[in-house]
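Quick heads-up: structures coming right below.
The same chain A turns up in both complexes below, where it pairs with chain B and then with chain C.
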Partner chain A sequence: MTEPNQINSARRQLLIRGAKAAASIAAAVGVARWLYDPKGPGAKNEEVGFLGTSVKGLSDFSVPRKDGQVISIVKGQDRAKTVNKAIELLGGIERFIKPGDVVVIKPNVGFATPPLLGATTHPDVIAAVVKLCYEKKASKVIVTDNSINDPASCFTISGISKAASAAGAQVVMPRDSYFSPLTLEGGSLIKDWPIYCAPFAKANKLIGIAPLKNHHRSVASMTMKNWYGLLGGRRNVFHQDINNIIAELAMLVKPTLVILDGTVTMMTNGPTGGSVSDLKKTNTMIVSCDMVAADAFGCSLLNLKPADLPYLAIAEKAGVGTVDYESLKPLRAEVT
Partner chain B sequence: MQLFSGRARTLESVVGMLILLVMVATAAGIYIVSQNYNMARFGIASGSGQESGGDFLPVGKAETYNNDNLYEKIDGKAPMYQEAGFVKLTAQRFAAKSNSELGFELYVYDMNNAKNAFSVYSRQKRADATDLNDLGVSAFGYVAGNEICISLGRNYIEMIGSAESNELVDGMEGIAKDLSAKFKPTDNDKIVELGYFPPQGTVAGSWKLQIDNAFGFDGLTDAYSATYKIGDKAVSIFFSKRKNADEAKAIAKNYYDFLITNGGKAVTVDGEVLKSAGASVADFYGSFEMVFSTGVFVGGVHEANDKQAAEKAAEILIGRLKEIND
Partner chain C sequence: MKITTVRRINQLFFFALFVWFCIVTTVGEKFWQIRNWPINWILQIDPLVALGTIVSTRKFYGPLHCAIGVVILTIIFGRFFCGWICPFGAIHQFVGYLGNRGKKVAVKIRLNIYRKAQCIKYLILIFFLGMAVFPSLAGTLQTGLLDPIPLVTRSFQLMLLPIFDRGTYLTSVNARYYEFGWLIFTVFATAVLLNLFIPRFYCRFICPTGAFLGIISRFSIWRIGKTKSECINCKMCEKACEGGCEPSGNIKIAECVLCFNCRDDCKHDLIAYQTLPSLAGETQVDVSRRGVVLSFVSGIIAAPATRLSGKVASNWYTGVVRPPGALAEPEFLKRCLKCGQCMRVCPTNVIQPAGLEGGLEGLWSPILNNRIGSSGCQLNCVACGQVCPTSAIRPITLDEKRGLGDFASAGPIKLGTAFVDQGRCLPWSMDKPCIVCQENCPVSPKAIFTKDVFTTVRDSVVSIKQVTENTIEIDRDIPADKFATGDYYVLFEDGSRRKISSNTATSVGISEGKLPAAAAGKIEIQVRLQKPCVDIEKCIGCGVCEHECPVSGKRAIRITAEGETRSTDRRLLL
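Our next item is the complex of A and B:
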């Protein structure tokens, strides 16, 4: 039979153990609370941004539209020549860049691979555009992208760091503090999500430069998909809804100009490629104020139809641009 | 009487401490291994400054990626690997001893089993690839420009050269052979289904395996396909082995319904062999799709330009699969 003092001892033990368990739970909760980041992944600091600026969101970087000068398509092998000609056809760089402008160039620097593989924006296009901006007395040109895997390697091995620096641009690599949580009004995916926007805070012009690639998930990666690089956090979650996220990014970002480099097109095994066998010389440079039109034309270089890319129709419906690029009467030329 | 004696409490404390120590040691071990992956396992030394044993030196440390962070390395291509059973990626850069500007990056994807590895290998195989034929039984490999790809047991391996250089490709080929010698696939790794294709007419090396969602239809899994030659015409034939004949028949019907629902137009089937296998043909936006079932196999022809060639190839495939059934 159990003695009263044994019952007391057992009760005491139970109470002591219960108190210890409660203390452990409280400590775990305290640590979790301490580690909890209410702003979400990557959004460590929204108050202190790039160059000490306050970051609220992305500005509208677009310039007034001029009918008949919305998109240009130039054939040729030399990227510097074709991009210069394509911009000239749209009215020249002076239409887009004014003295004193701060220009951000957003290439695709997603991989630490050499230019040979065509997975990243070719450094020759970046160098040519940086030079054009400085010719029109831009006060600063920034080249930046959110390369998630070892940005230093991506910028170095892609040749972008060297080319941009040589042309006088400032190369900016991502930091946690450069992200701010943004919400796209009317969007279903970009809700309080960390967006790479601090490097754009003091800029008044934005130029996107994208390579033309096949893409395993989105079928093609062009100027609209290029904005995927602005997503912070665990952005791979959006691979499950790739068409809507690309369309929403195109609604969020209003660039001055987009450039689609189809000098060499990655026809297969994108977006990484790996072999020169994935590439085809298509010798085409597209410059456009309408990224939907640019990407719709880009489909033809990938042997696709615009209908193969659902995000084009979604973006068109949202008013980002037009799939019917021929209706814009593209300005065409060829350079040798 | 006390519930716990002093001796028992001491023993309990000691055991508890030991368990905690084992857990800490395990966590530390996992961390150290993940930070210092030993590339010597693949016949190539890791860590800066070490000799590679070949013409290349490792540059920096090996990187490892799992399902949580694979996208950091290969971004939009990650889902393809993950849907095929990806476990782990180990990547390491190498530079030529003779020229540090010349190098390659080695990717070793652990795909859990040989079929998964073969699936990602075959789906990415380049059209202009030159097969590496001396890698051993059940190992597959090819060279395409600056790149060498190998399916070796449970591993899918890529070596991506930084330039189109004969010196580089020769060096990578040597490493490919070393790897295949070290990691000879076992009998369990053999993909017996490749032998189910008709021996005459099937283009060697054209095999593909789609683990799921074959031809955009999520009901068609484990589908093997290959190029089959009918005279000068090439036709893509496929099959998938199912649990039983009823399942094969149901998948054939569902796949055909999927084609019709998505814009295909029914086409008359000619030939007794095809009719006996319940073959259905659809004109799918200008190309012919055919599906049938025979025994435990569902099979067919994909994206054929010529209906007669498609029917002939399907008849031969049906005959071959019947032999396997028997």
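Our next item is the complex of A and C:
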């Protein structure tokens, strides 16, 4: 015979168990209901791109145009002097940099080669421009690129890390998380493609500084080709249509200034070079608010015609700039 | 201060030093980057690294000279290296302590009894030395598989650091990958977890370095032992005995790792570190002669047995591309410890621990995988040879690597040769312009050159309907805008060509020059293709082309070891 208190205890336990069971059932049903996805995944995840939220475009970093002060061409051997003179001719750095500005400098740091081989932007130009920005009280200058070779090696061996840091700039290496998928309005190639956006997010000025190089596929690599460094992912697929991708990048990026360093020109074996015999002294520094004009002029240093570079015409048609640089009345000078 | 406290501080110090050396194996100029830190020091004082390379190469490689100090100190004091210095030993001791913390004293004493199976480590040592001893019989250095210092080095460098460094960017800008790393991690994790069953399981049963030190501690001047033959036999001295060497009775001197726990735990002060042998008796290395002979002979036979795969002969696997400065394969296999230092320091992450590509004896040895990492083998980098502790990869200079200065007549070091897979290459087989490989070739003059051809695009032979100035209207629809990329041309019947600057569905525009007078009849749309070809005299096998090739799966240009400088049997050039 069972004792009454044992029965009570068993009943109480049953009630407690029952309550816990009910709660468990409710939790199971609740979670199932909460996560219920009747359709399953679609063909494409539209909310989030494969790298994160899609970005609309880059900001416009350009300054108001002044006719007659669009492009300057300065002859000379000393990069710091020629770049200073060229910027002065365009109205001085104060036209471009205001106190408190955050400036991004995008050199070509594609390869892990020393400055004397000319495959990367020369550190002297970068240092000179960083100093100019700080003279006008820029709050911060960032130097960055998405290199082709190992980024840390490129920034070190090219001497750019050292020169930029010494001038007070912050050197930013590319990380996977700095890329966001972007679609260029009016473009056909840059569609939901990872673009190096993060370093530009808080900047309000952008200066591209490119060396002047021969390039077997795109004929020449100058200020427009320099923006190839903003492409992330397995960007080399775009070499199938090199002229349109360069033109689209030029449509995407609206820089404050571009600087084309033709102090030495890589005439052969570009864009990597690898030997001083690939280089020629051309002693020219070009600073321009119009990158099409800068590159069109750059052709002359490579003994080419603008028509040899199909991307110039495509970019001009898209309204990026002017191929006939002489019509812009370039300001010329020579420094010794 | 108690001697066990001193020992713990010492262990902690050497463990911290080891971790520090792992962290600073990062290419860079900051104080916590490689600079002049002696990152290999712990590998270099490892006596088995020295012994193994001496047995396999018959030479005592200079930078390993500190190991002789450890050997001398061991001969005088016993296995202090195991109990006081070895970072892997410190991990085992700590995990063993954690795993057995709450257990009853009687259980702990039982865990630490001496077991006959502790002789296995001597057999492992002798087996490995047997594998290494006859170079003519394909002797190969395999001690690194189980030698605790290379083992813990590769486990930290290739597994733990990349796992814990996600997001801090301290040791690399982007995530690192190590293809055959999972097995390294499994071995490490297993060795550590075995402490939960028996403390210092690895040290007692497996460690070949401990075995070597155990053998040479035979004549040690000072040794742990009892100061009286009889005691109350409480066995408290074995409660925390790290070596499992039975200090309560007939002590196994070769097993003692000098942890001094017995001396601390003896309530009656009957245990001392002294010049006299234990009054309760001593036993030297407890391993049968039959076992020694059997494992030595097995080792001698195992070496040529692994070579039966032919992987070090004519059946060499194409993917075994070694880092710059690596010795010829048989010499390389006599020195490589599989410690992973080269893979860790490589700034591009291209050096990977091999699986079985190079044969069983090449497990975890360095090979290049150009699909991993930031950029092939960089032209201006010799980091891997600089950190190799045994010179399996020689410490070459940039001049030697690139064939400059004194090395101009020898030419550059070639890792292999690039081969274009024409069936996968966009210009060769898909009529698409590309030549990313040519663009990125770092050699001057480039080792990749192009053959330029014009090829008629599929379904593009059309008839001219009308010609107005620079525009040709055609009779059939073509894809609008597709041919206005600067790569397409119109071929006229007279054989002349003009570049297309624009095209609609029914017309093509030419911007440059006049149309030929005979612009009538049919035209063909052609694409100008630059087809990449490799100049095998110039190619150095750096793999930058393979890394950059846009055909992202199986690359359309790939490096294999033909033509590598380090061997003669893989040569390709006349």
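Brief remarks follow.
By our rule, the second predicted complex is superposed on the first by the 278 of 336 C-alpha atoms of A that agree within 3 Å, B and C clash if a C-alpha of one lies under 4 Å from a C-alpha of the other, contacts with A are read in each partner's own complex, and residues count from 1 in each chain.
Note that contacts are C-beta pairs under 8 Å (C-beta built on N, C-alpha and C of every residue); 3 or more make two chains touch, one makes a residue touch a chain.
Since we're looking at a predicted model, the values are computed, not measured.
Three-chain overlay on chain A, with chain B and chain C in a clash.
In the superposed model, A:156 makes contact with chain C only, not with chain B.
Of the two partner chains placed by superposition, chain B and chain C are both touched by A:216.
Looking at the shared chain after the overlay, A:95 reaches neither chain B nor chain C.
Looking at the shared chain after the overlay, A:10 reaches chain B, while chain C stays out of its contact range.
Using the contact criterion defined above for the overlaid structures, shared-chain residue A:116 touches chain B, although it does not reach chain C. More residues of chain A lie in contact with C than with the other chain of the pair chain B and chain C.
Of the two partner chains placed by the overlay, chain B and chain C both lie in contact with A:269.
Of the two partner chains, both chain B and chain C are touched by A:278.
Among 259-267, 403-411, 475-483 or 511-519, the region of chain C with C-alpha atoms clashing against chain B is 403-411. Shared interface residues of chain A, touching chain B in one complex and chain C in the other, are 111, 113-114, 148-149, 215-217, 236, 239, 242, 268-269, 271-272, 274-275, 277-278. Note for the complex: chain A touches chain C at residues 111-114, 148-153, 156-157, 173-176, 188, 215-217, 234, 236-237, 239-244, 268-269, 271-275, 277-278, 307, 310-311, 313-314. Those residues of chain C whose C-beta lies close enough to touch chain A in the complex are 27-29, 169, 173-175, 347-348, 373-375, 378-381, 426, 432-436, 438-446, 450, 481, 484-487, 499, 501, 511-512, 530, 544, 548-550, 552. Chain contact summary for the complex, chain A toward chain B: residues 3, 6, 9-10, 13, 110-111, 113-114, 116-117, 148-149, 215-218, 221, 235-236, 239, 242, 268-272, 274-278.
Within the complex, the chain B residues that touch chain A are 1-3, 71-80, 124, 126-129, 144-147, 158, 160, 162-164.
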